[in-house]
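Please go over the structures that come below.
Next come two complexes built around chain A: one with chain B, the other with chain C.
Up next is the complex of A and B:
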């Protein structure tokens, strides 16, 4: 079985003629998002591989794992750093979310897990757990503020910051890329709710056509 | 709505947290030596002070870590929050099936 990550790629099993086409969990809302005019734009992020890494933060493990992956792991709470083809987000004192756009999910899990094992840590594949949305435009933070209570001003939540919080009723992971560029990750089963709420709010923010 | 200061995430809205009851309860050293009344007291009986109370809270919508808070039950004002114990220094790594 070959597994490709890009949306809509066919998964073929060598022993079976069945062709499974992987769909983005929010494929059904893609047209709605594309039809939105004005800003901020809301777009679906490509699916990536992701692992949840749990390891003792003291004693050099994060540094050793980061060096082997060719990047850094964030040291401060609620911050993120870049990996060669993904990001590392600090989710808790002993917990990180590591993504990779290139590796397929089980290989990414195997790789990070092998690096964590000597330190008594482990990595678990959570690629199917969340989907990503990108909000782009000067009003991106205003739009999020309609459902989020955390301080989203660029001075408090600038590039390099991330936060797990609530958007409306759904738990989300917010990632700040720039003042007008934010990413939102949400559990797949809550993704429809979050998109609908974002679209609804975005429409209400825009001037009604004359 | 008031903010609760998570030792990891900082001040967050109360709706992100879950209440976890009285803090600092000691598990009986030898549970099998307890009679039914003593066991029931450990399981079900909690302090209910009018005033300062040490409690457990969990930051459910954020870092999902437990914290220890001291709250005044009359005013609901949090006097302090801090980490609850410590997470395992080394995880007990289970064997994984191939």
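Up next is the complex of A and C:
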């Protein structure tokens, strides 16, 4: 066999190895999103480190971990708070998603894990498990309403709220930053479907430019 | 032309062209197909489903049982009501002979769903709904107002007075106020068709043929704090002989046609009624130029109406009835009274009273009760979050409607005269020609047959006669059927009740229910981080669960068989690489992680040493295999479990269920990391060279890196995990990396393998290679009735553990029956036939021919392939008592042939396992 696949795909030669680089899972759809006109804009969020923190909510553990991280952890499920370089989303009674734009994924896992361990808790690296999208514009909530059944009225889902729900048939994590600014996190294997459905919806709602 | 000047809300300045049954007609914006055809004097639209009798428009809207049409353009749709089809330029329609025809071309229009949340949903924009919506809006609530007609106002004809001003002015003012109010959504042409628990209502918005890519129809999924049903009422006909003849119409329909569309449906009109409301229709039609005669079935006629009739030269006869009609395609005379006196007419209007449209109240369990004064079933009792107002609640007089819906700031209307209503289901005549359900050709004789057969429930009568099961769901015929049944049984109608109202209120296109879930978005497509590479490499994909997995990578001119043989030979001869990232992955952490896994796997996991890998089988309570995979012990308190691709979510749910409901004391937490980690299988005798080349600092020798162990390393600073796991029997490594770096690492491995001719291989090759080694695929070689022992995997079932899920079931006698189906291999003796998967296996008779049935089945083929290594086809099969039959030759019917095949052990390639360590 040669370095060329029989099906015609050119393979990189061993003499010039690719240096392992982070690839955004939705890189292939970036151009489609940028070409969308009108609002809301749909943009790819930068890749960030993330851990799934599991710890007993009672007994002071969340407060202690939050203090060590220099922020707060949300006190009730389906809400989020800010961390120094990320966010803390409460996904369930004993489950949080903690992100960091600064820390390396493995360091972030080690750090949070070390903070949780004394309380019988643990952190698992899920940085590459999900990918984030930002929906920005006055029609952001309306766009989501075409695939998402939860109450997205600003009074019910204002800044500080988050929710695990479905968009179309895919599980997503919605995060409200402002009335016109929402983030959608989705497992990477479903991300292509979610973007395609968002784009399909957005195009059908916007008048075709003449 | 029966269009009258000065009437109707159509735009006469514009003309639309359409065709019906091949003839060209004109219409105006605001016309329905029914109003436009009636304007041209077309009264017969088609023929009935069973008897082929002429059918025409009898109602004004969705209650019409008669006016079904087939639409051809703009898009073929069968069985629509002409009364509900808006005329658009270029519309092509034809009448139907009972049934329409589904489109044979794909529907390219869009349909979608929209979720809506509100405090109050008001259904109906007639006077009651408008007032209710206004009241809620003034209270600052989120309001959604839906109405199924194109324009608001309900049954207001324009002749009424509200708050001292003409009704249309009042309607416009309320609509403007709602439009200006924040948090009010007002949708016309939107039918609330189903009401479910907790204020959930489905409503279909008909949006027409959008030119901007918008949806043709939109399904609004409304979740409301409170639902106000202001859906009005539907007039009820009276049954008499030949009451199905075109030209027989509900009085309200003729009135609606006049005021909405400016169409006078007849010139010589007979009105047959037992209710005051038909007098209004009679007077309106008279004033529009028709000659009108009223026949009132009651002995006492309403004095006020009678006086007004006299002023306009409309004769009123009391205490008489219509017994039948004459005519061919259209009515030409009514047969009146005992003497069946012929009264010439071209339009016979009927009113037997009104049925409140309480469907949305009834959908959620709201009870209906007979009201003798109303002569109708009306809502009775309270529902927590549903209110019924106006005619839907049996409140008909406009002043009362406004007061009921509006509370303190309700508008006012002049009082109305009301005389006692009559109860009349049918007049005397031949029951076989008295049509109850015109859409179903069902008559009083049919009900009599049902009653004669002993049926006393209206639900049974409905199913026996099919009354109420057509497109209109019995909007005019349902209560009539109750009344007629009651008469035939000699019981009061209140003791029978009505049949249950169920969604949908009106027919809903399947395309609207599907919404956006069609085409590429029908089901989520899950892809791995390396998907783009597979696409570029020309992979043919197969669906595994929702995943797209590369099945094979055909070279130009290769079919699947050739590609798979080439890929198999490459793995057994040199090295191949496969994307295994779709495997489910679960991080199991905590001091009791080993205990949990011991409970759930059939074999021991807690004894696994850190750094090692073990294959495990999971069974259900019934002892049947439901998943398998590898378990890596990452630390004393941490395991990484892999599951089969299609079963990942189910396995995680299963583990969580046991953990949360049975063993909540265990200190373990489960995290899905399926997408976090990409896994590539590098398999084949040269895999050690390739992996060693990429990870220079790892000693990949067998002594340093043994089978079923794993090691962590880094590449360019990125953590990578290597494991010696083989699903092919070959020397093999699994390479895991976080999904962000997966595309580059894949490229590195492929590049590093170039000198060894590394060959990407797909799931089909994986299946062949594992089958050659007798490794089962759970879900292909098993079907939920197969134990680990049946698969020859008794070694994977612990005898030491006191308990695990499924253990108790293994003690049942049936689990040890030697005649259980067991996994074996089959080698067709002709060495050329690839047995179709799923083929049955029978004993091979001496003459080699399939005997006549019944032929006892011994089992079936579960997997079947051509093997590059064996140079022949082979199969795996579940065969009764299979392991005791090794060496036997059995028969497999394939087409007309009975193929002979020899039963063997499951490991066909390298039974000594010499290839595993390279």
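Throughout what follows, the second predicted complex is superposed on the first by the 191 of 210 C-alpha atoms of A that agree within 3 Å, B and C clash if a C-alpha of one lies under 4 Å from a C-alpha of the other, contacts with A are read in each partner's own complex, and residues count from 1 in each chain.
The working rule: contacts are C-beta pairs under 8 Å (C-beta built on N, C-alpha and C of every residue); 3 or more make two chains touch, one makes a residue touch a chain.
Please read these numbers as outputs of a predicted model, since none were measured by experiment.
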item: Contacts of A:56 with chain B and chain C, given as first, second, both or neither; value: first
item: Partner chain in contact with A:93 - chain B first, chain C second, else both or neither; value: first
item: Contacts of A:20 with chain B and chain C, given as first, second, both or neither; value: second
item: Touched partner set for A:196, first chain B, second chain C, both or neither; value: second
item: Partner chain(s) touched by A:47 [first = chain B, second = chain C, both, neither]; value: second
item: First, second, both or neither for A:149, with chain B first and chain C second; value: both
item: Contacts of A:75 with chain B and chain C, given as first, second, both or neither; value: neither
item: Chain B versus chain C, judged by how many residues of chain A each one touches; value: C
item: First (chain B), second (chain C), both or neither touched by A:106; value: second
item: Which of chain B and chain C A:122 touches, first, second, both or neither; value: both
item: Touching both chain B and chain C, residues of chain A; value: 54, 120, 122, 149-150
item: Contact set on chain A toward chain B in their complex; value: 54-56, 58, 77-78, 91-95, 113, 117, 120-122, 149-150, 163-166, 171
item: Contact set on chain B toward chain A in their complex; value: 8-10, 12-13, 15-16, 60-65, 87-91, 93, 96
item: Chain A-touching residues of chain C, taken from the complex the two chains share; value: 110, 112-117, 142, 212-215, 221, 223, 516-517, 520-521, 523-529, 532-533, 536-538, 547, 553-556, 558, 566, 570, 574, 582, 587, 589-590, 667, 669, 671-677, 693, 715-719, 737-745, 747-748, 750-752, 754-760
item: Of chain A, residues touching chain C in the complex; value: 1-3, 5-9, 11-14, 17-25, 28, 47, 52, 54, 105-106, 120, 122, 124-130, 145-153, 156, 168-170, 187-190, 192-193, 196-197, 200-201, 203-208
